[in-house]
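In what follows, chain A forms one complex with chain B and a second complex with chain C.
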Partner chain A sequence: MRKELISANQLFAMIILFEMGTALVVPIGLESGHAVWISILLALPGGVLLYLIYSYLYQQYPNMIISGYTQRILGRFLGWPLSLLYIPIFMYNGSRNLREAGDLLIASSYDQTPIFIINAMMITAVIYVLNKGLEVFSRTAEIYLLIILGMGLICCFVVIAAGLVEFENLFPIHAKDWRDALTSAYPSIWTFPYGELVCFTTILPHINKFRVAQRTGIAAIILSGLLLSFTHAIEISVLGTNIYARATFPLFTTITLVNLANFIQRLDALVILTLIIGVFFKMTIYCYAAMTVTADLFKVKDARKLAVPIGIVVLFSSFISAENYPIHLDEGKVFMKYILTYMCAAVPILLFIVHYIRKCLGLLR
Partner chain B sequence: MKVKWIIQPPIYMVMLLLLTSCWNSRELNDMAIVTGIGIDKAPNSDEYRVTFQIVNPSATATSVGASTGQPPITVYTTTDRTLFGALRKTSRKAARQLFFAHTQLLIIGESMAKSGINGLFDVFERSHELRLNSVVIVSRETDAASVLKILLPIESIPAMAVVKKNKNTAKLWGENRAISVFELINTITGEGEPVISGVQIYGDLDKGSKKSHLEQSQVEAVISLSGLAVFKEGKLKGWLDGPEARGTMWVQNKLEQTSINIDSEKEQDSIAVIINHSKTKVKVNLREGVPVFHIYIKEEGSINEIKDFVDISQRKELYKLEKEIALKTKGEVVKSLQVAQSMECDIFNFGNELKRTDPKAWKTVKKNWVSLFAKGELDVHVEAYIRSTGMRSKPYQQNEE
Partner chain C sequence: MMSISSSLTDNLDQLRERLGNSPDIIIRKFTLMSAQIQVAAIYVEGLIEKAVVEEFVGHMMSIDSFDGKHPEIISAKDIFAFMKEKARNVSEEKIIKDWDVLFEALFSGNTILLIDGIGEAIRGNTSGGEVRSVTEATTQVAIRGSKESFTESLGTNLSLVRRKIKSPNLWIETMKIGDVTQTNVSLMYIHGIVNDKALQALKKKLQAIDVDAILESGYIEQLIEENVFSPFPTLYNTERPDSVAGNILEGRVAIFVDGTPFVLIAPTSFFMFFHAVEDYYQRFDISTFIRLLRFMCLIISLFGPAVFIAALNFHQEMIPTSLLINLASQREGVPFPAFIEALMMEVTFEIIREAGIRMPSPIGQTVSIIGGLVLGQAAVQAGIISPAMVIVVSLTGISSFATPAFNMALSIRILRFTIMFVAAFMGLYGISILLFILIAHMCSLRSLGFPYMSPLGPFIAENHRDSIIRVPLKFMSKRPRLVNQKNITRMAVDKGKRGDSDES
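Here is the complex of A and B:
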C-alpha cells in the first residue's frame, strides 16, 4: 500500500483546527479569573517544548508512531502495555469533545432532540472521513482552516464594532493574578489544549521532512496559542469574570450579546458552526490516533477497517460517560489532572530521557 | 459488493430524514411571539404575576389587506412561584406556544421592585430563547401589567415603543439609559448597586388599552420615561429625578448627549448648550481609611440658543460660558453623588473600581463599604469646552447699552 503523505500546509491547518476545536468555546483555566488569557500565553512555551519532544522522537524513528517507538525505547514488555493505554485515552478524549459539541447544540437550539441523534450524525461524518484516509482529511482541514479563520474574523469584528469590549475587565494584573495565572497554566492549560497534541505523534510519520514538520508545527502552535488567548481575552472583557466563569459556553454568550445597529444580531450560528467544525477535526484526529495505535499494536493490516468500531465506541461513551454536563465537566477535571497530564507530558518526556540515555550509552540497536 | 447494495440505500434514507433536522421544528404559525414581559408581585402571596405581551400577527401585518379590527397586541397574565412556571402555565390560555427570542422588554412592577429583584434574572441567563440584551425597566407608581396593556401610536408594538423611547431619551436627553439584563446581572454580582430607568403612565389606563384611543390626535394614555430607580440589596430604595438622574449618568460615563441651560449675566437659564461629547474618568483610593472619589469629566458642546445678548464673538465671554457649563455640570454631579451617599447606595460602581485597581485596599474596607461609601470624600473636576456656536456668532438681540 502506498504511504499517505501530507504537506506542511495541511499539518499547519490540522494543528490549528485541533487546538481551536473545543478550547475556543468552553471555559479553560478558571482558577486564574480575569488573567486566563495570560495563563494561555504562559502555557504556550510549555506547549512548544512538548511538541519539540514529540518531533524529536519522530526524528529518531521517522517511520513509527508512538506505540512503535515506545516499544523500541522501553522494550516490548513495558512498551506494549503502556502504548495500549493510549487507545482508551484517545477514544475517551474524542468522546468528550463529541459530548461538548452535542451539549452546546442541545442547550442552544435543539432542546427537544436526543443527544444520541446529534452525536450520531457527527460521528457518521467522522467515520466517513476516516474511511477515506488521512490525505482526504488533511485536504479538508486546509479548506476549513480558511472558513474558521474567516468566521473568527467576522466574530471579532462584530464584537469589537458593537462596542462590547471593556478593557477594564482585563487589567490591571496584580502580583496575585500572575501567581494564579501560573498555577492554572501548569499543568491544566498546558495539557488542555497543548498537551493533547500527543495525537500528532501518529500523524507526523506521514510528513517526509523532519525540518518541515518541526517548523510548521511550532508556527501552528504559536499562532493557535495567540488566537486562543485573544479570543478568551475578548470573552472576558465582554462578559466580565463572573459570567465568564459561570457560562457553560462563554463564546456563545458573547456572540448573543452582539447587536450592531439593530441589524447585525443573533450570530449564534457562527459559534455553533465553529464548534462543530473544530470538534469534527479534533475528534477525527483522536479517532485516527486511536485507530492507528490499535492497528499497530494488534497488527491490523488495514487500519481503516477500525474506523467503524472505534467510531461507535466513541459515540456511546460520549453520552454514557456522564449523565449531565456538570458531571461531564467534573469528570474532565479528574481526567485531566490524573491521566491526561501523565499520558501527554510525562510519558513522552520519559521516553525522551530514556532514549537519550540509551543513545549516549550506545544501548540502542 | 452485494452486501453494500443491501446496506447502503436504507442508510441513505435514514440520513436524508435526519439531515432535514426537523426534530425540533416549530413552525411560525405555532408560535406566539412575546415582545414584552411584565413581572408584578401577586397580592398577598409570594407568587409572581407575570404578564406577557404577545404580537397579534394578523393585526400587525403591514401588507394591505382586510383589517381585522383587532389590536396589534394581546396580553396574558399568569401567576406562579417561578417565571418559567408562569410562562409554561400560560399555555392554558394561549393557543400557541410562547416564543421568547424576540423579547425586548422586561418591566418590573413597583411592588415587585420593592420586595426584591435579585432572583428574577436567572431564567434569562439559563434559557436559550430569552435574550440577555432585553431592556429592563421599572414601572413607577403603577404595575407592570398596566404598562404592557397600553396601546401606543407610531410604533404599533408597545413593548418596542417603550424600548425605543428609552434609547431615544438616553441618546438625546441623558437622564435615563437602557440597561440590559446582562448589565444588571453584572451589577448584581459585582460590588455596586443597580439603577434602572422608570416608566410612568400619564392618562387614563382603561381608555389607553382600547384601540379606539389611537384614533385621536392626542391619545388618552402616554407612557413616559420617568427617573431612575435606585436599588439597595435588590430592593427599590428610591427614585432619582432630573438633575440627580443626569448627574448619575455623568458619573457612570453613560451620557451620550444632553442639553443644559446656563445663566447669562442678566437672566437665569437663558443659554441652551448641547453637550455632544462627554467622557468621565473615575479613580477611587483610600485616604486614612476613608475612600476618596476622584471624578474627572471632560465635555464638549455647542451653543444652540441664546435668549438675550451675549457677545460670543469675544473669547472672554466664551471662557465665561465654559466655566458656567463646568459649574453647572459639577453641581449636578455632586448632587447625584450626595443623594446616593445619603441612600448608602454605591450606584457608581466605585467599589468595583477600588477592587479592580487595588485589591489589597479593598479587602480592608470590604466589610463596611456601604457606610464608608456614604462618608467618602468627593473630588470632582469638570472641564468644559464650547466647540461651536451654530450658524451665527452674535445673537440678533442687541445690547441696549
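Here is the complex of A and C:
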C-alpha cells in the first residue's frame, strides 16, 4: 500500500482541531479560579516540551509509531505490554469525548433522543472517515479548521459587541492566584489538552520531513494554547468565576447570553457545532491512534479493517463507562490524574531518557 | 480483416452484400475508353459535398481526355498509378488495402475508387454534408464574452478553439472509440503547459474503454470517472470555446467527442463548477462578489429546506420569538409535519422543472410558470402548505439555478433530499454529521488523480487567487497549480504567464 503523506498545513490543522476539540467547551483547570487563562499559558511551555520529546522520538525512528519504538527502546518484553496499554487508553479517551458531546446535545435540544443514537451517528461518521484513510481525514481537517476559525471569529465578535465582557472578572491576580494557576497548570492542564498530543506519535510518521513536523507542531500548539487561553478568559470575564466553575459547558452558557439588537440571539447552535466538530476530529484521531497501535502490535496489515471494531468499542464504552454526567466527570479526574499523566508524559519521557542513555552507551543498533 | 480482391464485380458484390444494399451508398461505374477498364466510385450520400465529389471523380477520369497523349496507359496498373498520382494533387490520397479501412473511410465521407484488376482502392476526402452552423450558446449563457458555441461537428469544434489559441503548441490527438459507432474522440491540450501525468492517465483510460457506442461525451464521462457512486461530477462539460481555451491554458485537457457540442474537461476541482467564463471578463470585484453569491446559493440550495425543517422540529429556540410566533401561526391549519410539507413541495418543484424541460418548447415555459404559480398559490390557500415553506422551497429552487454547471446543480438537487431526510430525523446535529461524511467524501474524490477539493483540502494558498474569490488579473501571474498524486511535488506550469506580460 502507498504510504499516505500529509503536509505541514494538514498537520497544523489537525493539531489545532485536536487541541481545541473539547477543551474549548468544557471547563478546564478549575482549581485556579479566575486565573485559568494564565494556567493555560503556563502549561503551554510544558506542552511544547512534551511535543519536542514526541518529535525527537519520531526523528530517531522516522518510520515507527509509538508502539514500534517503545519495543525498540525498552525491548520486546517490556515494550509490548506497555504499548498495549495505549490501546484502551486511546479508546477510553475517545469515548469520553463522545460522551461529552452526546451529553451536551441531550442537554441542549435532544432530550427525547437516546444517547445511543446520537453517539452512534457520530461513530458512523468517524468510521467512514477512518475507512477513507489519513490523507482524506487530514484534508477534511484543513477545511474544518477554516470553518472553526470562522465560527470562532463570529462568536468572539458577538460576545464583545454585545458588551458582555467585564475585565474585573479577570483581575486582579494576586500572588496566591499565580500559585493556584501553577498547580492547576501542572499536571492537570499540561496533560489535558497538551499531553493528549501523544496520539500524534502515530501520525508523525506520515510527514516527510522532521523539521516540518517539529516547526508546524510547535506553531500549532502555541496558537491553540493562545486561542484556548483567550476563549477561557472571555468565558470567565462574561460569566464570572462562580458561574464558570459551576456550568457544565461554560462556552455554551456564555453564548446564550448574547443578544444583539434583539435579532442576533441564541447562537447556541454555533457552540454545539464547535463542540461537534471538535469532538469529531479529536475522536477520529484517538480512534486512528488506537487503530494503528493495534495494527502494529498484532501485525494487522491493513489498519483500516480495525475501524469498525474500534468504533463499536468506543461507542459502547461512551455510555456504559459512566451512569451519568457527574460520575463521568469524576472518573475523568481520576483518569486524568493517575493514568493520562503517566501515559502522556511519564512514558514518553522515560522512553526519551532510556533512548538517550542507550544511545550514549552505544547500545542501540 | 479481409483484403480487397482484384475483381471489381466481386468487390462491388461484396460491398452491396456487406452493406445490406443500403440505398444511400452510391456506386458509380465508369468505363475508361482508352483502356476499356472499369472503374467504380463509391460514396455515401449526405456525408459528402457533391461539388467536391464531382471534382474528384472528374479529375480521376481525366485520363480519357488526354487522347493519345498517354499511349502508355493501357493496363489497369497504369491507371492505378496515374490515379494515385492524380489523387495526390487533388486531395489527400491514401491507398486502402482492406475492407475495414475502406468502410471506415467511406463512412467518414470519403469517396472510394475501385479499379478492375487492382486489389487496392484509392480514397479521396470529400466529406461534407449538412451540419448545424455555429450558434449562440444555449446552456451556458454569458452577458459578456464570445457568443459562439460548439456544434456537433468535431472539425468545426476543434477549429473554434484553434482560432482562439494560435500556437503551434496546441496539440490534438484523435482516437476512435466505440466498436460499432467508431466515434472520433479528440484530446486537445497545450504541449508544455499540460500536466503530462494527467494526460497519460487520461489516454490510458480512454484506450481502455471497450464499448459498442459512444453517442455523447456523457458516455466517455461515465466510463472514465474514478468514483462511479459519487454524487459529484468529476469532469466538467462546456459548450463554450472560450471556456475550453481558458481551461487548456491552465494545463487541463479537453476531450472532444464527435457528434456532440459538449466538450469534457479534466482534471477538475469542485470549485471549477462554480466558475463561469464571464468571471474573467468582468472586473475582479464584480466577479468576486458574484462568485461569493454563487457559493451562498450553493449553501442555500443544499441546506435551505433542511435547516428550516430542523429549526421547526428540533431547534425552535434558535428562531427569534416573534418570528417563531409568526411561523407557528402560519402552520396552524397545516395538517402535515414540516418534513412532509417540504418534501411535497420539493417533489412538486422537481416535477414542474422536469416537465418544463421535456415538454415541447413552446409550452415548456408556460407549464413551469403556471405550475409554479398556481400550485404554490393554491396549496397555500388550501391550507396544505404554509406560505413560509413556499418561500423556502422557491428560494432553494432559484438558488440551484445559480450554479453555472448544470451537472453540479443536479447532484446538489439529489443531495438536498438526503440532507432533508437527515434533518427531519436528527435536526442540525444530523446535518452536521452528514456534512462530515460529505466533506470527507469530497476530499477523497480525485479527478484524474488530482484532489477534488484542491485549493481547500489540500490547502494551496496560491490557488486561492482564483477559487472562491478572484483577484485582479494583474495578480494572477501564475497558472493554478494542480497538485500531483503524491501531494508534495508540484507540476511545472509556470512557463507561460497569464495576464499582463510585464508582470514579473
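A few comments on the model shown:
As a convention for this text, the second predicted complex is superposed on the first by the 365 of 365 C-alpha atoms of A that agree within 3 Å, B and C clash if a C-alpha of one lies under 4 Å from a C-alpha of the other, contacts with A are read in each partner's own complex, and residues count from 1 in each chain.
Everything that follows uses one rule, which is that a residue touches a chain if its C-beta (ideal position, glycine included) is under 8 Å from a C-beta of that chain, and two chains touch if they have at least 3 such contacts.
Nothing here was measured: the structure is a model prediction, and the numbers come from that model.
When both complexes are overlaid on chain A, the residue A:L78 reaches neither chain B nor chain C. Once the two complexes are overlaid on the shared chain, A:L153 sits clear of chain B and of chain C alike. When both complexes are overlaid on chain A, the residue A:T140 reaches chain C alone and has no touch with chain B.
Once chain A of one complex is fitted onto chain A of the other, the partner contacts of A:L257 are limited to chain B, with no touch recorded for chain C. After overlaying the two complexes on the shared chain, residue contacts for A:Y110 are found with chain B and with chain C alike.
Residue contacts after overlaying the shared chain place A:H174 against chain B, while chain C stays out of touching range.
By the touch criterion defined above, A:I243 lies against chain B but remains apart from chain C after alignment on the C-alpha atoms of chain A. Of the two partners, chain B and chain C, it is C that touches more residues of chain A. In the superposition on chain A, A:T124 makes contact with both chain B and chain C.
In the superposition on the C-alpha atoms of chain A, the part of chain A touched by chain B in one complex and by chain C in the other spans residues 109-110, 113, 117, 121, 124, 266. Only residues 314-315, 317-318, 320, 426-430, 432-433, 436-437, 439-441, 443-444, 451, 453, 456-459, 486-488 of chain C touch chain A when the two sit together in their complex.
By the touch rule above, chain A contacts chain B in their complex via residues 107-113, 117, 121, 124, 168, 172, 174, 176, 240, 242-243, 246, 253, 256-257, 259, 266. Interface residues of chain B facing chain A in the complex, by the touch rule stated above, are 15, 18-19, 21, 23-24, 101, 125, 128, 131-133, 182, 185-186, 189-190, 356-357, 359. On chain A, the positions that touch chain C within their shared complex are 5-7, 9-10, 13, 105, 109-110, 113, 117-118, 121-122, 124-125, 128-129, 132-133, 135-144, 146, 208, 262-263, 265-266, 268-269, 272-273, 276-277, 280.
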